[in-house]
Amino acid sequence: MSETLLEVKNLKKYYSSSKGIFSKKNESVKAVDGVSFTIEKGDVFGLVGESGSGKSTIGKTILRLHDKTEGEVRFKGEDVFSLIKKDLRRLRVQTQLVFQDPFSSLNPRIRVGDAIGEAMVQHGLATNKDVREKVLQVMETCGLSPYHADRYPHEFSGGQRQRIVIARAMALNPEFLVMDEPVAALDVSIQAQIINLFSELRKKNGLSYLFISHDLSVVEHLCTKIAIMYLGNIVEMATKEELFDNPLHPYTKALLSAVPIPDPRVKRERIILKGDIPSPVNPPSGCKFRTRCPIATELCAEKVPEFRDVGNEHFTACHYV
Amino acid sequence: MLSEALLEVKNLETNFYTEEGVVKAVNNVSFSIGEQETVCIVGESGCGKSITSLSIMQLIPESGKIENGEVNFAGRNLLEMSKKEINRLRGNDIGMIFQEPMTSLNPVYTIGQQMIEPLQEHLLLSRKDAYKKAQELITLLGIPNSEKIINMYPHELSGGMLQRIMIGIAISCNPRLIIADEPTTALDVTIQAQILDILRDIKKELNTSILLITHDLGVVAEMADYVIVMYAGKIVERGPVMEMYTNPQHPYTKGLLKAKPLIGERKESLFTIAGQVPNLAELSDSCYFADRCEHRMDICLKKHPELKETSANHSVSCYLYEGEAVR
Amino acid sequence: METVKQLIYKEKKPVKVKSPSLWKQTYRRLKKNKLAMISLFFLIFMFLLSFVGPYFSPYILDRTDIAYANRPPSASHWLGTDNYGRDVLTRLMMAGQISLTIGLASMFLSIVIGAFLGAVSGFYRGVVDLVIMRLADILMSIPGLPLLLIMGAILSEWKVPSEYRLYIIMIMLSVVGWPALARLVRGQILSLREQPFMQATEVLGLSDRRKIFHHLIPNTLPLLLVVATLNVAGSILSESALSFLGLGVVPPTPSWGNMMDAANNYMDFRKRPWLWIPPGLTIFLTVVSINLLGDGLRDALDPKMKR
Amino acid sequence: MKQYVLQRFIQMIIILFGTSFIIFFLFAMLPGDYIDSNLSLTPERAQELKALYGLDQPMLQRYFTWLGNVFQGNLGYSLKHQESVTSLLNKYVWNSFIVALLALFLTWTIALLTGVLSAIKQYSLLDGIVTFFVFAAMSFPSFFISLLFIKWFGVDLKILPVGGMIDTGSNSTGFAYILEVGKHMILPVTILTLLSIGSLTRYFRTGMLEVIRQDYIRTARAKGLKESVVIFKHALKNAILPVITLLAFELPGLFSGAIIMEQIFNWPGVGRIQLESVSFRDYPVLMAFTLFLSCLTIIGNFLADVTYAAVDPRIRLK
């Protein structure tokens, strides 16, 4: 029996786009529009979607980097949004975040060693005396040389900076990491290094990840469970094997077929979706995907499809599955 | 291969003068593009692939300088042309598409105003005819409501739409060559699929050649006839697309192909190329890839290998394939 | 398969392991800017001249000697003497003390007020922000010189003695100077807050004190330094204009501005240029140097703008 | 857009009130009104007079009374000039206005040209010279440069008049009059232009430098457009838009920048009157002009924001 680490229930996050007191229409961007999932200990949960799908918003909301609109987030049974400041700081040690852009997520005026060590000292995980030693340890695990500690972030390349960001997160010895597109800004050869680092850290420290990405091949390589998002909703969720071997939702199918395969011998029938992703301010009625769906009917415009279990822990939201 | 080359780049060298020193962004690069051929330059950031394409169009930033080489387009060297002559080629015989559709169009002019410019400049169309042609182009590229789109400003459209508009501008004067610099990098996968589809159609219908710059080996496999792999400003390998994927030779090419996770592959860990790309301002005499290479030999540290043909049209720059280089 | 550890890039260990601090790096870049360095040396020279110079002067500041009045520049009086027979060079040095002090002190005051209010505005936002920023807007809507004129008039009406006016002028200049600074600091803090590295401090659970003193403030300092430098130039100009009009520092206390008052006298203006050209030129050169230094600092602090 | 204008308008009203209050408050701090300084009055009589003029009432009430008068065009009475401040303002403001307007025109034309040229020829000799002049212009104390110019051109070379608007005792009319005034305007306008040209040139230069590095400029070049079209059509419009905001700032700025210049050149404009009013303790005049300049600034600011929003499509359509 596995232990539930994170439980997200019907999470909603709307950003109001009203411009002050005189605006008549109160339009809001429905970034996350009712999302539920659970992450068990040891899971690598992949959250896949295109821009505007709300995947990054979920990552930041469950860490309480901003407020929710509705719903519930529980970490190890505790409601994250009802924690008082002191308890929130305790939670901060257990959960960490790795950002997409390794250039802006490091303070340019703080030396790498200090950046990694400061939170350790603040949370009492190290004293001013042994912090240096502990920092060097963590840096070594993340593939950084000891002398890197005395340098400034701008002296490093993207890949090395991402290692620093990971080391900074790992310094607190967390149980759960949210990765917000951690390899999207990196080149292929560097990307492979970082992905392998994730796998190793997970094996060694028994970590769980929420891995947010737009890249299906990376997600397939790393994740155990995957959810596909479209315009603020999860449209399909299953274990990795299920999802890739037996994709059900038309969006998942299109997404899979759109990924270019690096082999010129493979020629396949591609599903090319029509049109653009609609604005999350004014999403289509019924099924939000219907405007681009190759099999949409009138029913799809009228009724929101239910997100249901089709067996084998495979969930999807489509009338025609 | 087609005998007549439309574009021929010979020993191109572009340097940037920075505070840290001279950066050799494009270092002795030679290749050619035949009529109706799609050539892809692939490589990681900083390898000089974009600067190569900008050097052809002579659009490199001010701190850069084309120091050497020839760029022959339809038999004439672009680097020796006057500014006026080059302007007559740009947008007319050679169209260009850039990476960031959101910033590549002028925010204070409408789509129409920007689309008619090359039509008026090169095809000498009247304003009215140019607008008509622009509208046709928009429809051709699969955007509905062309009469509305034409009066809109760039920020009102999505990235995918804007990239179509950019393509529309590039093809408006029926160019013989289209240079596309990472045209889908900033776009989502489903939109990328649309754009690649359009590029393929254009090539078929307009009989143009395409020079496609990308870092995505998947895109290369789908689009290219001929592939050029660049590393640290130099071509390390080039060859026909089938050859490159079935029989890659340079350790870097091999590494790139293995490092990318594939859908349906599911292996335990990924192949990695250790280390980082070298600083282009501090290059030594060694093979630039030597630091990261699994097969490094003594000679690799002494001199950068020449690009040599190993089979028909397939060249590689590595001592592993030079008979005389005994370990 | 190799593990990550084995694959650590075998890069050559650099000779110098510890990078110099960012301030040192900035100074090194600044050193390359010749114009800024010349300006820096000129300013140091001006300071020495004003604060140490008078000790080497054979003349006593306020000693008047009508017999020696209105002498043109000579070997004994390098810049001549004024209507009371006082040595112009000595007075220029003493005036430098006053003008430079006012410039620096009012800058400090403006920075303290402006940075504090701006930071509070940017960090807490809400009503505090609204009130502070409206106040800044209002003060910025009254053109600077008329505002200073009114305050100067109030000073005159209240018959503030000459030796105290000095301090009140510092305060006046900072009243005019703080709103722009507060706006700047607020903007800076608002944009910093959105930076991922500030979000990271939240995720890492750092205390508010750590966030403000180790992350926010050090990142606003570079810009503040540049603006502070330029602010000194502005203050010196305003003070001199005010004193020239007789509303700032008033005689017998000398300042560069009120020394130029000589030009208001028709005879002095036409026949005795040594009375007003040296102070005018001093103001100009000092202000130019400060502006050039500030510009150099801006470039040195922001390596992205490098050539 | 409508919402934005409305919101910005309300903000303007708030600032107008705030500013007028601050100005009123400052003048209320000035002791020595007419009654207090008149020692011949008995305390009782003084009290009566104060009641008559409403001076014994709480400040807030006096503020609103004053504001009411302002709205009716009653800005007070100048003791020195023995006429209402409104008519005084009307008499002198135009003299200042001509100088300011001419300087504004010159500043913008020259700054635009030199700013753009030095940006597209960055690090050239021209750029170096322009930058040098910009720094010099920004650093000159206005009174010093005015005096120097009078000394050089008026006293030493004797080619331009040293001050005033017309020659002493002149009664020329028609074209001769215009010519005479024009001659007297040369120095004031030059100085005013010189004083404000530095920062504006710098604005144009940095703005242009930023714009010509943008992707869309590269696109324009890739389309094969002539360099002049690229710079003057594609780059310039983007570089000018943000600077429009300054235009509205500039005019009131020139008025207040002209105060010292008018004094030195003996130019019969509002600036000189304003300085005079300080020395003659003619406070209603000082107060009215300060209020006038502040309102000009605030309204100009509002107009600038609104025009900017109207010409920039990125804001206009939101």
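Some notes on this structure:
Order of writing sets the labels: A, B, C and D. Residues in every chain begin at 1.
Just so we're on the same page, a residue touches a chain if its C-beta (ideal position, glycine included) is under 8 Å from a C-beta of that chain, and two chains touch if they have at least 3 such contacts.
Every value quoted in this text rests on a predicted model; they were computed, and no experiment measured them.
Chain pair with the larger contact count among B-D and C-D is C-D, by C-beta pairs in contact.
The most central chain, judged by the distance from its Cα centroid to the centroid of all protein Cα atoms shown, is C. Centre to centre, using the average C-alpha position, subunit B and subunit C are separated by 51 Å.
The distance from the centre of subunit C to the centre of subunit D, each centre being the mean of the chain's C-alpha atoms, comes to 24 Å. One inter-chain figure worth recording: subunit A and subunit B are separated by 32 Å, centre to centre, where each centre is the mean of the chain's CA atoms. Contact with two or more other chains is made by residues 7-8, 11, 307 of subunit C. Along subunit B, residues 268-269, 272, 274, 276 each make contact with two or more other chains. Listed for subunit D are no residues, as none touches two or more other chains.
By the touch criterion stated above, subunit A contacts subunit B in their complex at residues 50-51, 157, 159-160, 187-193, 195-196, 199, 214, 216-218, 220-221, 244, 254-266, 270, 272-273, 276-277, 292.
Residues of subunit A touching subunit C in their complex: 60, 63, 65, 88-89, 91-93, 95-97, 99, 101, 104-111, 118-119, 122-123, 140, 143, 145, 147, 150-152, 154-155, 165, 168-169, 172, 193, 196-197, 200. Considering their complex, residues 57, 59, 61-62, 83, 86-92, 95-96, 98, 100, 103-110, 117-118, 121-122, 153, 155-156, 166, 169 of subunit B touch subunit D. Across the complex, subunit A is touched by residues 3-5, 7-8, 11, 13-14, 17-19, 22, 195-197, 199-200, 202-207, 210, 214-215, 218-219, 303 of subunit C. Of all the residues in subunit D, the ones that touch subunit C in their complex are 14-15, 18-19, 22-23, 26-27, 29-32, 123, 135-136, 138-144, 147-148, 151, 155, 252-253, 255-257, 259-260, 263, 274-275, 278-279, 281, 283, 286-287, 289-290, 293-294, 297-298, 301.
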